[in-house]
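Below you'll find the structure, written out as C-alpha cells, and then a few comments.
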C-alpha cells in the first residue's frame, strides 16, 4: 500500500498569471518543502479580515527555506472587478509580499480551474501540502493560529524518506451558507 | 458673533454617483438631523478593518430618524480599479446598507472634489455634522466606539434653536505617513 | 402620573466599606449627575475581561463632573478569598481609580445586601442612574461600548427639570447559566 | 561537547502545594514529553488577559500524551491575598483544568524558590522544556499563539536519541517596567 493511496497528490495550480514573483511558479518545483496556499478573493470579508493577516503571520513565523507561502486568487463572483490590476492594488495596499497566483478562469462556468480541481467550497480556504507534494489539509473558513502553526510544524518535521501514514487529511467544513459571511464566501 | 463663525458650515458632497439609494442625496436635505459620513476607499486596510465595521455599528445603534449615516468613497489612488462596479460588489459583499456617495473626480488632480473641499488628510476619516449643517468633527484614522457614540449623542441632544458654542470642532491627527498603514491611507 | 412611577428610584448602596475614596459615598449625594455602577466580583472572568476595561474606558471618556463612575464589589461566592485586602490588591494591579463599594454581606444568605435590593442576576451588571436618582438601566452580561456611551450621553443630556418619560428602563438578560461563563457569573 | 552544555537542564519545580492534581508532580517524572509551564500570578492582568487563555488553548491543541501543561503560581507581591484558597477559587472560575504548582515561598525574601532558580523577570513567563528535561524557552510577556505553537511542535518532533543542537534557548525580554502593565508584572 503506497503513501499515495493514503494522501492524494495535490493538484497543480493552473494560473492565468502571477503577481509578486518574477516568473510563474509551480507546486512541482516546490517538492521538498511544505507549501501553504491561502485561497481567497479580494472582496471576501472573511479573507480580508482573517485569512490574509493569518497568512502574513505564517510568512513571518516560518522560514522561507522550509515553508513556501502562496496566495491563490480564485474568483467565483464579481469577476469583472476582481481583475489583475485590482489585485495588484490590493496586494500593494495590504503590503502582501508572498506570490499570488490568479486562478485560471474556466471556459465553461464561473468557478476557476484550480478551484475546481480541488473541489473547494469557497473562500477563504487554507491548503497545506507536504514535502512529497501530497494534500494534507484543505480547510474552508476560520482556523486558529495555534492549530495552523501546529499542523505546518508537523509537516516541516516530517522526513521525506519516511512514509507518513499517521496524519489524516482533514477537511473541516464550516456551516453551509450561500452568501459571504464573516466566515467566508461559499460556492 | 454668529454660531457660523464658531463652526464652519459643512461643505456639500459633490458626488459623481450614489449607490444604496434610489436617488442622489444632499447634505442640504438632511438639515435637522445629525449626519455621520465615513470617508473611505474600498482598498484601504484601515477603512475595511475598522472604519466600515464601526460605521455599520453606528447605523445599528442610532435611529434613522435622528442620525443619517453616509459613506463617501473618496478615491485618491488606484482610480481605475476602485470604480463604481467594484464598489457595488464591495458594498454587497460587506453587506453595507447605508447610502454611499462616489466623490466626484477632480478635473485637475488625483484628489476628488469633496475631499478637496474638506481638506481631508486621507482615509478613513469620520465626519460629524450637526442639525444646523455645521462641521463638528473631522477625524482621520482610528477613533474608539465609545468616543464616537458620545459625540454623536451630544449632537443628537442639541436643540436646533439654541446656539451651540461650547463644543469645539476637533481634528485629531494621527501620525504622518505617506502610505497606507493599519491606521489608514494618507494623502 | 409621576415620573417616579415610570422609573423606579435607584436603591441606595449599602456598603460595608469603600476603597479608592477618602470617605464613604452615597447615591443620595450624587443627585444631579449621572451615575454609572459596575457591579463585579474580582474572580469573575466576564468582569475582568470585559466589564472592568469598559468601566475604565467610561471613566476616561466622560467628565467627572457629569458622570460619576463607581464599582460595586458584590460577592456571592468564594466570600473568604474575595475580601477587602484582595480587592485592594486587585484594584492596584488593574490600576482602577474609581471608588469601589464593598457590598454589605447579608445576615441571612450568600447574596449581599445591595445586590438583593436591586434583584441582580449576577456579575457583571451595569447600572445607570439618572440625575434624578432613578434607575434607567440594569444590564447583566456584555454590552457594546457604543450602546453604553449612547445611553450615558442621553442621560447626561437630560434636563433635571423636565419629565423624562420617553426612555424605558431596560433590562437585557443574557442566557441563563448557573456557573461563570465568558459572559459573567450568574446567581 | 555535550548537549547539556548547549541547553541547561531545567530546574525542578519546588512547590509548597499543587491543585488540579491528585498528587504532587515533578518535572523529573515528565522526562520523555515536552513540558509547558505558564508562570503566573492570579492578580497579574497580563496573565489573566493573555497568558491563561493562551495556556488553555495550548492544552486544547496538543495531546496530553505529547505535551504536559502546568501552571506555576509564583507570587512575588500581595502574598497574603493570593493564597491557595484564592487560587482554587480562581482556577474554578476560569475553568482551568491543568495542574498548578504553588511556588514555595522563600525563607529570606519575597521571591518564591522556583522563580529564583529560573531567574525569572516576572509574570507571565512561558517556559518550554524538551523531552530530555532541558530548558528551551523562557519568555517574559506576551508571545503570539503562532510562535508558541511552532516552538512546541518543534520540541514534540525532536527525537530523544538525537542530539538537538540547532535550536538556541531563547529569552525574549519585554521592555523594562517596575510595575504591572498589560504585558505583565515585573520584579
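Labels for the chains are A, B, C and D, by order of writing; each one numbers its residues from 1.
Just so it is clear, contacts are C-beta pairs under 8 Å (C-beta built on N, C-alpha and C of every residue); 3 or more make two chains touch, one makes a residue touch a chain.
Every value quoted in this text rests on a predicted model; they were computed, and no experiment measured them.
Using mean Cα positions as chain centres, tell me which chain lies farthest from subunit C.
A
Round to the nearest whole Å and give the separation of the Cα centres of subunit A and subunit D.
A distance of 35 Å separates the two centres.
From the mean C-alpha coordinate of subunit B to that of subunit D, what's the distance rounded to whole Å?
Whole-Å distance between the two chain centres: 48.
Hey, what residues on subunit B touch two or more of the other chains?
Residues: none.
Line, ring, star, complete or other: which one describes how these chains touch?
Here the contact pattern is a ring, one closed loop where every chain has two partners.
Can you check the complex and tell me which residues of subunit B touch subunit C?
Answer in residue numbers: 57-58, 61-62, 144-150, 152-154, 157.
Across the complex, what residues on subunit B touch subunit A?
Counting only subunit B, the residues touching subunit A are 43-45, 48-49, 77-78, 80-83, 85-86, 89-90, 93-95, 180, 185.
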